[in-house]
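Per-chain numbering from 1; labels A, B, C and D assigned in written order.
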Amino acid sequence: MFEICPLEWRYGSEEMRKLFSRENITSTRLKVEVALAQGLSRAGIIPSWIPEKLEKTVEKVKIERIDELEGKLGHDIMAMVMSLVEVSGEAGKYVHLGATSYDIVDTAWAIIMRDALKIVQRKTVKIIRTLIDYAEKYKETLMIGRTHGQHALPITLGFKFANYVYEISRSLERINESTKRVIRGKISGAVGTMAAWGNRGFIVEEETLRMFNLKPHQISTQIAPRDGFAEIICNLAILGSQLDRLALEVRELMRPEIDEIAEGVGRRVGSSTMPQKRNPVTAEKISGLAKVLRSQVLIALENIPLWHERDLTNSSSERFLLPHSFIVIDEILDSTIRLLKNLIIKPDKMRKNIEITGGRVMAEAIMIKLVEKGLARHKAHEILREITRKAEERNIHLLEALVEDERISRYMNRGEIEDALKPENYLGEIEKIIERTVKYAEKIIGNVR
Amino acid sequence: MFEICPLEWRYGSEEMRKLFSRENITSTRLKVEVALAQGLSRAGIIPSWIPEKLEKTVEKVKIERIDELEGKLGHDIMAMVMSLVEVSGEAGKYVHLGATSYDIVDTAWAIIMRDALKIVQRKTVKIIRTLIDYAEKYKETLMIGRTHGQHALPITLGFKFANYVYEISRSLERINESTKRVIRGKISGAVGTMAAWGNRGFIVEEETLRMFNLKPHQISTQIAPRDGFAEIICNLAILGSQLDRLALEVRELMRPEIDEIAEGVGRRVGSSTMPQKRNPVTAEKISGLAKVLRSQVLIALENIPLWHERDLTNSSSERFLLPHSFIVIDEILDSTIRLLKNLIIKPDKMRKNIEITGGRVMAEAIMIKLVEKGLARHKAHEILREITRKAEERNIHLLEALVEDERISRYMNRGEIEDALKPENYLGEIEKIIERTVKYAEKIIGNVR
Amino acid sequence: MFEICPLEWRYGSEEMRKLFSRENITSTRLKVEVALAQGLSRAGIIPSWIPEKLEKTVEKVKIERIDELEGKLGHDIMAMVMSLVEVSGEAGKYVHLGATSYDIVDTAWAIIMRDALKIVQRKTVKIIRTLIDYAEKYKETLMIGRTHGQHALPITLGFKFANYVYEISRSLERINESTKRVIRGKISGAVGTMAAWGNRGFIVEEETLRMFNLKPHQISTQIAPRDGFAEIICNLAILGSQLDRLALEVRELMRPEIDEIAEGVGRRVGSSTMPQKRNPVTAEKISGLAKVLRSQVLIALENIPLWHERDLTNSSSERFLLPHSFIVIDEILDSTIRLLKNLIIKPDKMRKNIEITGGRVMAEAIMIKLVEKGLARHKAHEILREITRKAEERNIHLLEALVEDERISRYMNRGEIEDALKPENYLGEIEKIIERTVKYAEKIIGNVR
Amino acid sequence: MFEICPLEWRYGSEEMRKLFSRENITSTRLKVEVALAQGLSRAGIIPSWIPEKLEKTVEKVKIERIDELEGKLGHDIMAMVMSLVEVSGEAGKYVHLGATSYDIVDTAWAIIMRDALKIVQRKTVKIIRTLIDYAEKYKETLMIGRTHGQHALPITLGFKFANYVYEISRSLERINESTKRVIRGKISGAVGTMAAWGNRGFIVEEETLRMFNLKPHQISTQIAPRDGFAEIICNLAILGSQLDRLALEVRELMRPEIDEIAEGVGRRVGSSTMPQKRNPVTAEKISGLAKVLRSQVLIALENIPLWHERDLTNSSSERFLLPHSFIVIDEILDSTIRLLKNLIIKPDKMRKNIEITGGRVMAEAIMIKLVEKGLARHKAHEILREITRKAEERNIHLLEALVEDERISRYMNRGEIEDALKPENYLGEIEKIIERTVKYAEKIIGNVR
């Protein structure tokens, strides 16, 4: 065997990769076969001793044997069923009775995705909690707010983190809400009518899914509706893109010219040829993998319009879609946790950077004061636009430019101007906004089951 | 002016197109400016007579003047503000005080999207209701279920429709749930701190949004978080892809070789050169536009990772994203309503098509009977696989092939086989499944506000 | 180790999978390190005995050791370099001198992609050749042409295949043309200036790449420009989508109601529960994997706008992009070859299906005759539209409807009508068109190096 | 009428928007109808006086009348044909004879796209020429090269521009090469067989296309193969993404902390509330619109796998695809031209920024010297990694750290170190690389027809 896909050795936690390993997928599918036997037995369709027997024999099924049989039969689930039959003696007579392959496949996906979503939820909660800590810890740490990459107005670092608290909490809420649509079993036979089980189909469905504490899809074709898969993948792609935004924040703020935040690199080598390099490679990996996640959305959307009671074109693509999406988000989540943990914060540099535009970032504050004093807002805006440009050209501090301009000094003396130019005086409701954001996030965190 | 984009003259209902017209976007933004004045006034920041005055002058603002000013200022919202100032006399002094452009833009989007989503919800409900009617009306209308494009097992037409009831209801539920995250105002100033309003920011926010009965985002950068836009677009793309699936169903079933369902074409010309043509062009339009919708998801996802307190790269792309997505889904919804209304159903042809494989589609039913009689499921499967293939090759009815095969006749006599081969005897729980699906859908419909 | 990605065990030929295995990627990179030493030596920068020495020691490098070192160093290429150094004694002193990691990585990609593209070209040629054979063999095999899924006018099966000959040849031409832009080495150091090699950079570049018979990129940043990767992936996605179209053709024509073409299934099991099923699963796999390919385009496009002299966000995503795209197209190509080889063609059924609309598909032929006789084209179109609809409603053959309609019989007698209604008389230039298409394709095939 | 899509009033040059206006699309289609008459006449199928007559009457066709007729007929091309018939008297008898709608539509697209591609090529050449000028003008202007957003090694601004010269030239070459596949007429009738023209189809095709100097597709279904559209859109999306990269370069280098390059803003207002703001809004628009372009690729790819001799799902989506893609790239191109023209270059700041890491960016240069002196490369790397980190921690210049370290001073004296630390001494082959790049680009420019 080769190693080709980086999911095999490079990305994803052990627990998540295990969930989407062939081994776990196969063993989960076999569990569904056993549960189906349980359902059939409780519905009185097959003898009651069967399920217990199968529960034991199921362990004897070997992936190699399944592969071998698939080579002959050309059908992976059929091969799995036959492998189970082979080791089950008399009990094998009833294996898979009345079920279609996707009763097994989709119910197994629901079980695996439930576990996978729990991991996603847990790690997302961890990220939000860390962000909340940072939001509170740095709620007074002044820094410049940037729009268009240009200096805008002062904020605090805690406020910046609180925005991520909010954004990521919204993703968590979306994921929480999606489970009731997506984590459902599908036990309904070849075209969804339960025909093989006569008038006992609802019992088979209920009793089979009871084993896994799953609710059923209310109706299905041969397969569970694919909008659910699309919803999940969209939600993961949105979450990944938000963490991409956080990673981008770090990557930008770590530029040596800015140098406000840095990804801790420890003993890591930055470049194979430039000895001095320290690179934000964890953050860059997050941004890189987010592109992979965004691309998966297309597969998921194209898989919705299947033919009639289903065609098979979702099958090959989903062999990639689910493992790749979940393991990639898992790597993104773990990397974000590590990134946040090793973050180096440089409040001094933040304070210093606010000043590099010579006070011009406080122009709005002056404008507001002038309006208070009676000047029209648009006039004040125009005057300040002119003064800030001149200050920039003449390379003098805005304070000086303001003081010497009659249109300002008519309304404000130097002391008032100095006060208005202090960033710490112009932070609005930052602390209360952080508070209400944290409250909002904690409510969502509390809803994670 | 040219006409370039088909949204201008070809696609979308009057009501939806109006919502996303420049005129409505501008007038909604102006309403937000007035509401902001209301908020500022109630917070005691500006004189109380201002809002009422602005409410009157706002009508005098002309798009042409905004365009003219934008030509000079290079900033569309600044141009709009100046246009309002120009017509507002003394009241103009306070227009836009402490607000950033996206306080106006994003709050206006929330208002417009709320209206747009109501249209989407209303039309989706209409489609679901029609599908429910069809599901109930045709619950006993036999037809073949198809997987891989091949005949699988019998279903009923009502059951087929019920699957769409379920799928589309799930989309409706998603849209319903998203509004609490997405339909929120954003009144928080240049970088989200509300700094210009001192300690009265929360009042400004609350009172401004009260005008529109909107809740605020709990925190924001310069703009509302873009995961919300992505969520909406994903939901619309999923819905569009589901309706694509329905359209695909019609297009396939209307093939002359199948001819079970047809899109009514009335007097429409099918081809400019082939006089006989009747084409499912409404259904094809739905499938075509669904591709456009799916493509929009990428824009929405790429707009999430913006720089710091925002960069402007979402701006140009969203000028396309929101109007195009909502008007395209609107056209898809209206087309689906029309398609369903004019659907021609051919139960006789459905019944007839079940037979074209000479009873082979009932093989599972025989297999189940054999298992009841004591044969192992996998053995029964293998025997029937062999018999069905032979019946196909010899071009005889499965009944004959079964009767003459000793492995079958040992267990079942001709009468039993005949019974087992009747499609109407092998419909499982179709009616009850339809019932529970309709119940599920009606609950979701009931939640539409 | 788990098995997670289906590339590991399920999809892709041995030769293609081997190319993108970690082992081959690593050994190709090591070859580039050796070639670089050759280049350095020929430029007189390092002693001349070094390259030969490294060529021998390179075999001793173990992937396990690289992994171990990467764990410590956090840099995969640095780890590989150190592994080589460890086994190279004195010669190790000069390994990787003046090179940046992506000199190695991108030059290795060029080598691997050249091999991979050769496989793609070879298999594409094979498909085109088979299609040419079919086009010629079936050039007179009548069948109905279908537009909108509705019967349009007669064609021949050979003509249908010839369209695929044309379309796929165009893809081959695109791929051929792309190689001169894409298959280029990158030996230019950390930011592309060749600074470490003083004034001997061009010699190092030329001599290193001579080992692989590669031309260099004319300039680069730290990495080769990523538009080349995007071009390749776009070309593969287009090719994949064309083969998706071919697969779709088979899937549709294999519907039991149509039954003109079938995918041969041999002894393959169609369904785990429906014994009669024969499913076009190879064709469906092609369509499914084409979705995966289309999604990859996004990653490739998003990787173009990297920061300055590069950022690392292409790195993680390309670990997926290249192996997945090439192995998926490889599986699609092999599956298409198999699909074509096992295709079952049913000329009788094709002939029969032409008739199912009772001659109405020949309406254009009658229209043309009427115009020849002096009727205006639009009048003839209108009359025939009316007559065909009536014939359909009354369920009579178009011949009868035409004969009894005075507007027709005025111009044409029964014999003339009968002649005009013969599909074989209305095939236009089909044979010559096939001929020129084959000629066109053969010219492109001839250009494959 | 509303104004909904920003293509109507906001984006795109007059010339490009005109090409994709309904008016031009309709008049081009009408020209194809006239040319078809010419072809038919030269083939001896219709009287020779017809074409000239139609050429005159064609001007009388009104879009309003077409709309009106489409309302009745439900078919846009049929409506156009009837409108032409109505104004053409006796000549109207032969309009559209033997043609299918897409003979007209696709041939018109080829004509329009040829014009559109010429605009794209012309503007792309203009951008490349400007970049060449800049590459040459600033070939010695020192600046820091950045990888991962971190300082790497010195380059020159001219070298940076030359990379864009190369990358964009490659796009130009791709576009040049694509025209032979894409700009082809399609005159072959309803299913591509030319049946209506008997044995004179090749003459009709040739003579019709001769009017436009177009070559034909060698074969077609009802429509031209859609891989061509996909190729064009991919090429435009790649070009757009490259210009996105250039815009991103400007946006980043304009950050106040970096401040090496700025987008000239003139009198433009930066923010509606922050008077000091100067924002790179042109560059941001380019990056924003590139996202729109990337999304179009999906539509184009999904349009390849159409059914049989075509289905209609490409129709609605292409009404968006072509106008949007071409006008959006046009806006991107024009914006890039403007951006480049108004670029403010700050060589002093560039020089200054090289120094902010205290000489550490020259670590590779020292490493190379040490290897020349006999130290092993990996040892030198390790030592320098240690020394650069210490220099950073102690906040001293690398020169001092090197001089005082015995492992260095053993090999190099202060003078040698000082020399090695000079960025201008470590530029490798920059000038020659620029030269060969310009030569390469000029060859491609020379191939634009």
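Observations on the structure shown:
Definition applied: a residue touches a chain if its C-beta (ideal position, glycine included) is under 8 Å from a C-beta of that chain, and two chains touch if they have at least 3 such contacts.
The model shown is predicted, which means the values in this text are computed figures rather than measured ones.
Traced through touching neighbours, the fewest hops from subunit B to subunit C number 1.
When the interfaces A-B and B-D are ranked by C-beta pairs in contact, the top one is A-B.
Taking each chain's centre as the mean of its C-alpha atoms, subunit B lies 33 Å from subunit D. Averaged Cα coordinates give subunit A a centre that lies 23 Å from the centre of subunit B.
Among the residues of subunit D, those touching two or more other chains are numbered 81, 96, 98, 147-149, 152-153, 189-190, 196, 251-252, 269-274, 279, 281, 284, 287, 294, 297-298, 302, 311-312, 364.
Residues 1-11, 17-18, 20-23, 67, 72-75, 77-78, 81, 96, 98-101, 189-190, 196, 251, 265-274, 279, 281, 284-285, 287-289, 291-292, 294-299, 302-303, 311-317, 319-320, 323-324, 327 of subunit B touch subunit D in their complex.
Those residues of subunit D whose C-beta lies close enough to touch subunit A in the complex are 147-153, 251-252, 254-258, 269-281, 284, 298, 302, 353, 356-357, 360-361, 363-364, 367, 380-385, 387-389, 392, 398. Only residues 81-82, 85, 92-98, 145-149, 152-155, 159-160, 162-163, 165-167, 170-171, 173-174, 177, 181, 188-199, 201-202, 217-222, 225, 227-228, 230-231, 234, 237-238, 241-242, 244-245, 248-249, 252, 287, 290, 294, 297-298, 301-302, 304-312, 364-365, 368, 371, 375-379, 426-430, 432-434, 436-437, 440 of subunit B touch subunit A when the two sit together in their complex.
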